[in-house]
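Supplied in structure tokens, the structure appears directly below.
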Amino acid sequence: MKICYFAWVREKVGRSEDVLDVPGHVVTVGDLMQWLKTQGAEYEAAFAQAKVIRAALDRAHVKHDAAIGSAREVAFFPPVTGG
Amino acid sequence: MKICYFAWVREKVGRSEDVLDVPGHVVTVGDLMQWLKTQGAEYEAAFAQAKVIRAALDRAHVKHDAAIGSAREVAFFPPVTGG
Amino acid sequence: MAVRVQEADFDIAAEMKLLTRGRTDIGAIATFTGLVRGGAEGGGIAEMTLEHYPGMTEDELARVEAEAQRRFDVQATLIIHRVGALKPGDNIVLVMAASRHRKAAFEAAEFLMDYLKTRAPFWKKEQKADGTAEWVDARESDTEAERRWSSGAR
Amino acid sequence: MAVRVQEADFDIAAEMKLLTRGRTDIGAIATFTGLVRGGAEGGGIAEMTLEHYPGMTEDELARVEAEAQRRFDVQATLIIHRVGALKPGDNIVLVMAASRHRKAAFEAAEFLMDYLKTRAPFWKKEQKADGTAEWVDARESDTEAERRWSSGAR
């Protein structure tokens, strides 16, 4: 699964994307963040305040309880600040 | 007293301004319109629907009951349609 | 803070550059441009003539602008209104409001237009394609639009 | 109906001409331009970097634009958003809405900005004059501004 990071999430993780094999018990976007936190200090730092992080599945906004299903691309980022 | 006309008021009166000696009983802007109506067929036509005509004294909007006082320029025109 | 009445067309990009030149405290600019519409088929408009009351127009626009500056947190405003003969598609009016934030910029631009529409002494005459000509009637919706600024509805 | 994400600056006059070219059914164009502010003295901003999510940005802006077209009586809309390194005074975003009448044009432009601010995946990082850098925090007022479009308050 391709996982993309943006803004300070990207900076804390230390890279802009990962391609990872995710265990079967990871069902929702929220589950994925919890699992990522166990994958190293950089992930732990990036997802420490998981509540404020926003997510997208295949480039559309979703809530943390959204099922990842067959999505090919998951993204994590802070609240947007364009405009 | 200088009296200016604009848009269809001007077209009906047939000129864009008059300089007229106005009798003493003409106190308000409304009085002036009533008196003008007696000054010829063109004025009668122009001020037939006096209620819809707007007025200005020395280039500031006023209501029909405004006293002309020492104003040097009175103007009559339809509701504005710029913008 | 500028008000202009002119026959010539205007360039919105040039006006915006002038308004912001040398300053970095402006974060938001809302603008409104009014154009001559061609009207319906058949009864289409060939030309529009804009008459105004020289002297009063400038005074009234300056009053409208001062009132916007008083009501809203805006750093700069601009009103340009054309007069004379115009064709469908031509620019008629440009209003611009610059502020730190977008809410004040939008509100000030809307306010400027609503007040201009009911207070500035301009009159439009439409020459139709069939040769007839008519003075444009004032719209009740414009009076309503102005009224909301005094009703406390916003 | 157009959406662009680009590093280059834009020219509002040229964009407006493109939007109205060959048509005479547009009577009103409302625009919004967002600019980089310099910030307070001392803590002033030297540079701003705009990051985005390529692919999703364009999709999201297109969704926002389609929603504006559905909600308001607009004939044409445009969104241009810059990315990359910008300086105080530089343009960030341009939104444009063209309609027959001014009310729909203003409402659509405000709607586009409110939705863009909360939905389009852009992130701003400010480089301060003192050498520090910070990601800009999202503003609660932006979320409130978006919410009014679903609350039926307007």
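Assorted remarks:
Chains here go by letter, A, B, C and D, matching the order in which they are written, and residues are numbered from 1 within each.
To be clear about the criterion, contacts are C-beta pairs under 8 Å (C-beta built on N, C-alpha and C of every residue); 3 or more make two chains touch, one makes a residue touch a chain.
For clarity, every value in this text was computed on a predicted model and none was experimentally measured.
Each chain gets a centre from the mean of its Cα atoms; the one farthest from the centre of subunit C is A. In this assembly, the C-alpha centroid of subunit B lies 48 Å from the C-alpha centroid of subunit D.
One finds 26 Å separating the Cα centroids of subunit B and subunit C. One inter-chain figure worth recording: subunit C and subunit D are separated by 22 Å, centre to centre, where each centre is the mean of the chain's CA atoms. Mean C-alpha position of subunit A lies 73 Å from that of subunit B. Annotation for subunit A: residues 83 touch two or more other chains.
Residue positions 34, 102, 113 of subunit D are each in touch with at least two other chains.
All chain pairs that touch, listed by label, are A-D, B-C, C-D. Residues of subunit D that touch subunit C in their complex: 11-14, 16, 20, 23-38, 88-89, 100, 102-103, 105-106, 109-110, 113, 141, 145.
Those residues of subunit C whose C-beta lies close enough to touch subunit B in the complex are 34, 50-53, 55-56, 59-60, 81, 92-93, 113, 116-125, 135-138, 142.
Touching subunit C in their complex are the following residues of subunit B: 4, 6-8, 56, 59-61, 75, 77-83.
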